[in-house]
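Two complexes follow with chain A in common, the first pairing it with chain B and the second with chain C.
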Partner chain A sequence: MSGLSPLSLVYAVLSYAVTAVFFGGLLHKLWGYAVTPNPLNIATTPAPATRGGVIVSNIVNIATFSSLFKGNRWTWIGGYAFHVILLAVFARHLRLFLHPVPPLLVLIQPVALLGALLLPLPLIYLLARRKAVDRYAWISSPADYFVLVLLLLIGLSGLGLKFVSHSDMVGIKQFLLGLVMASPVDMPPHPAFIIHFTLVLMLAAYFPFSKLMHAGGVFFSPTRTMVDDPRERRHVNPWAAK
Partner chain B sequence: MAKADFELPNIENGVRVPAIKPGAMAHVKYHPASEAHLSKTGFPANRVDNWKEVALAKMNELMGKYKSLQLFLDVCVKCGACADKCHYFLGTGDPNNMPVARQELMRKVYRKNFTVGGALFGGLARAEDLTEEVLQEWMTYFHQCSQCRRCSVFCPFGIDTAEISMAAREIMDSIGAGQKYTLEIIAKVHDTGNNLGIPKNALIGTLEFLEEDVKEATGVDVKFPLDQKGAEVMLIVPSADFFSSPHVDSLVGYAKVFHAAGISYTFSSHASEFANFGMFIGSYDNTKKIATRIADAGRDLGVKRIVVGECGHAYRVAYSFWNTLAGPFDFLDKNYPVPTHICEFTEELIRRNALTLDKSANDEFTVTYHDSCNVARGSRMGTEPGGQFEIPRNILKAVCNKYVEMDPESNREKTFCCGGGGGLLSDELLEVRVKGAAPKAAALKEVMDNQGVNTMAMICAICKAQFTKVLPYYDIPMEAVAGVHQLVSNAIQLGGK
Partner chain C sequence: MNAKGSIAIAITLVALIAAPLLYTAAGNGLFTKPPAPQLAKAVNATECVEPAGWMRANHMNLLTHQRDLIVREGERGRKYRIEGCATCHTKRAEFCDRCHSYAGAKPECFDCHYLP
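Right, the complex of A and B next:
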């Protein structure tokens, strides 16, 4: 790392630290979810009576947010739009970490760019929703607003980077690839990029300690992932075995 | 119409989502358990001195033992999909009765004591210590949850508030701050084998009386056998079926079905209770002890099958938990599910055309069916998902000419709890019970007004007791409440085929 500018050195160290916190925290949490036992079968019924059926119903729920759709269509519209757009924007950014860029990623760039343009809309909608309905205002804490505002700032700074202050994309890609390849190079000293990148690091560091863990936790929810077969197959409680 | 000394929700044209009224139900508190009941159920007889440390240690222990608790405390995004789904919120407007807010009562303590963010940022993260004030909130609002699981249907992550309220009650019990109603009943079932504390002699007397009564009404010798070794079936029913009305009419129905089918059965005095209140308080040990008592009774009597009566949470425990808690049931005939619900048993006989039924015997009734919450969302009947909805309805359609469905948004998978389940069927909680019954009362009122319904059939002892008590507040007569096998009893022709 010798020869890096002081700013680049700071950000290189920060990047590795945040990466360690993100993956370390994430794996620690997921490990906890995975190994903590289910003493009893608590599938919320009606539920599939086979493992295959449970896998299918979970894929459907995770891909479409079907239970939220059942619960509240207005929340579903905002929440679903946000997650789909986030996925597109995430895919769009992969080009900055891969060389050469896979053809599929090149192909989706225009669609993903549209997503990036739209990203602020569902976030503003979700923020307004928390303020507008008395029930949601009651349950919303500073942490709930913090995540939405942080995501909004990330989206806006990203758009600024793209459209307002044209940045050195080649330099940015070299910097990011350098980090990935463990041979850091200088960061383009571009304020818009520094702001955007700093906010993303904040989000990543915050992720494992927050409700954002729903992204991993959804795969472990016992009411949804357990098979409705307690009469047919004896579920053994690991900690009660005598 | 029963008179309320509190304001009733308006149930005309359905129950609308109320504006939030903070603290509206804060005054409804349970009666504390006595030293004797706490000791009998394995808990400290009085509030322990270092209760906060003990409670947090218990919470930590439960998070390590229950994936549900650990995960659910982390992953809620507070989207609010559950916020307007709880019958207690809909009936009271108290924001702490929104499932997400009820969970927050534990989550804020979790954040303070078990997360980095909560420890660092405190109030900003809405993290709070387990103070006396917070404990009082727990005592109040974790006993305004009937563990009906309706919220879990709509949650993107399947978070079930029942898991949180069960854990909270286990924590409260473990520091000696338990609820009288549930712990007194669990103490009774440990002592006498049933929740009502009915001694064996009284049970014998009741069953003899029922035999005479049915003989007088039908001229047929329908048996109500007790402790009969070698019977084919052991029948386990909620003890309310022996004494309460309308419960007892379903008990007569079960007996007539066994008589007509020519299958021998017996009750057990050792296990004269199907209900298992151990689940209400989240106590694995008490739930297991009560369940094991039933398995032991079946083994001693040498029966081949266990059939269970009309009871909701009890059926969830039996269906979902028995095999784990008291299994394997390898002494029983492998050809029958353990347990077999009485509705599965009766419906199979109906499908085989083994019962003679005169539907016109129920012509004075226009019947609808109430899906009991824990049967709907915590169990299954038959082999297909959703059998718990179809099988009781198949029976009703076979024994009644006039059958009407309630709004499916208030029934089936989305059914509203009666408002008395999960350890709330106690007088000091009457206000929350009456208000919590509003959504179901509204659905019933709608079919009463528009389709001439005068009877709501159900398969749960708590639903029956709760509705007969609270429906009169909404100008609905208690006679509208019926058991499914009460209607079977009316229609079944004995001495036929």
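Right, the complex of A and C next:
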């Protein structure tokens, strides 16, 4: 780490600290979800009556947000659009962390860029939804607004890097690869990049302790992952069996 | 779901998120300097048309903006020309392509221009 500029040193240390918090927090939370016993069979009916059926319905739900679609179309439009765009943005950013870059990632760049351009729209829509509809405004907490605003700022600063204030991408990739390879090098002192990177570090550190953990929680939600077979099979709670 | 299956899912999720970082760390080694593109030295001149740092971040703006002005608006006599680039950066494979493949960005220049 010697020979780094003060700015790069601060950000290298911050990056490692945030990475530790992110993965540590993630493991801690997911472990908690995994070992929490399910005392009762509480599959939300109608639910598949076989394990295979549950797996298929969960894959469909994660790919299309079908349960949200059945619940509220207006929320589904904004939420689903946002998550699809988020996937495109992730795919676009992977080229900065992978070396060498897989050819498929190069191919999808222009398509993913179109998606990334639209990122602010669903976020503004979801913010407006919370503000404008009385019953959502009533149940919205500061945390709900915080994640939306944080994601919006990340999106805008990212688009700023692409379209307003270009940066030295090769320098940025070298900095990121250096972090991943445990051999940090200097970070390009580009204001827009520093803002974008700082916001992303904030998001990563906040992620495991926020409602954003729905990303992992969706795999462990007993109402959706349990098989609807209470009449065919007796559900025995693991700790009650002993 | 039983606890064993759930724990397997939890570990798989974390492994999936860590996969890109592990791919790069495993493929390039830890505690070694990160790879950097090696560029061929420019010939015929010692300075670029703009400072090198600016060019590194913004050369694409010069190229695409001028392409639009020249090809679509029919404006001749712009300050810089892509043939001008090629007088100093003679080998595309040892100059343009090095950074572009490093960053995974495909330039459109060579869809029309022939630069060996």
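Note that in this section the second predicted complex is superposed on the first by the 241 of 242 C-alpha atoms of A that agree within 3 Å, B and C clash if a C-alpha of one lies under 4 Å from a C-alpha of the other, contacts with A are read in each partner's own complex, and residues count from 1 in each chain.
By our rule, a contact is a pair of C-beta atoms (placed from the backbone, for glycine too) under 8 Å apart; a residue touches a chain by one contact, two chains touch by 3 or more.
As the structure is a prediction and not an experimental result, all values here were calculated from the model.
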Joint occupancy of chain A by chain B and chain C, clash or fit: fit
Partner chain in contact with A:Asn38 - chain B first, chain C second, else both or neither: both
Touched partner set for A:Phe209, first chain B, second chain C, both or neither: first
Which of chain B and chain C A:Gly24 touches, first, second, both or neither: neither
Partner chain in contact with A:Val133 - chain B first, chain C second, else both or neither: first
Chain B versus chain C as contact partner of A:Phe65, first or second or both or neither: first
Once both complexes are placed on the shared chain, angle at chain A toward chain B and chain C, C-alpha, multiple of 10 degrees: 160
Which of chain B and chain C A:Pro189 touches, first, second, both or neither: neither
Greater residue coverage of chain A in the superposed arrangement, chain B or chain C: B
Chain B versus chain C as contact partner of A:Phe220, first or second or both or neither: both
Minimum C-alpha separation between chain B and chain C after superposing on chain A, in Å: 10
Residues of chain A that lie at the interface with chain B and also at the interface with chain C: 33, 37-38, 220, 222
Residues on chain B engaged by chain A in the complex (per definition of touch): 17, 19-20, 22, 63-68, 70-71, 74-85, 95, 98, 100-101, 104, 115-117, 124-126, 149, 152-160, 163, 284, 288, 319-321, 323-325, 327-328, 337-339, 376-380, 383-386, 388-389, 413
Interfacial residue positions of chain A with respect to chain C in the complex: 23, 26-27, 30-31, 33-35, 37-38, 94-101, 105-106, 109, 166-171, 173-174, 177-178, 180-183, 185, 190, 216, 219-220, 222, 225-226, 238
Sites on chain C touched by chain A in the complex: 1-3, 6-7, 9-10, 13-14, 17-18, 20-21, 23-25, 27-37, 53, 56-58, 60-61, 99, 101-106
Chain B partner contacts - residues on chain A that touch it in the complex: 29, 32-33, 36-49, 61, 65, 67-68, 70-72, 75, 79, 133-136, 138-144, 209-211, 213-214, 217-218, 220-224, 228, 230-232, 234-237, 239-240
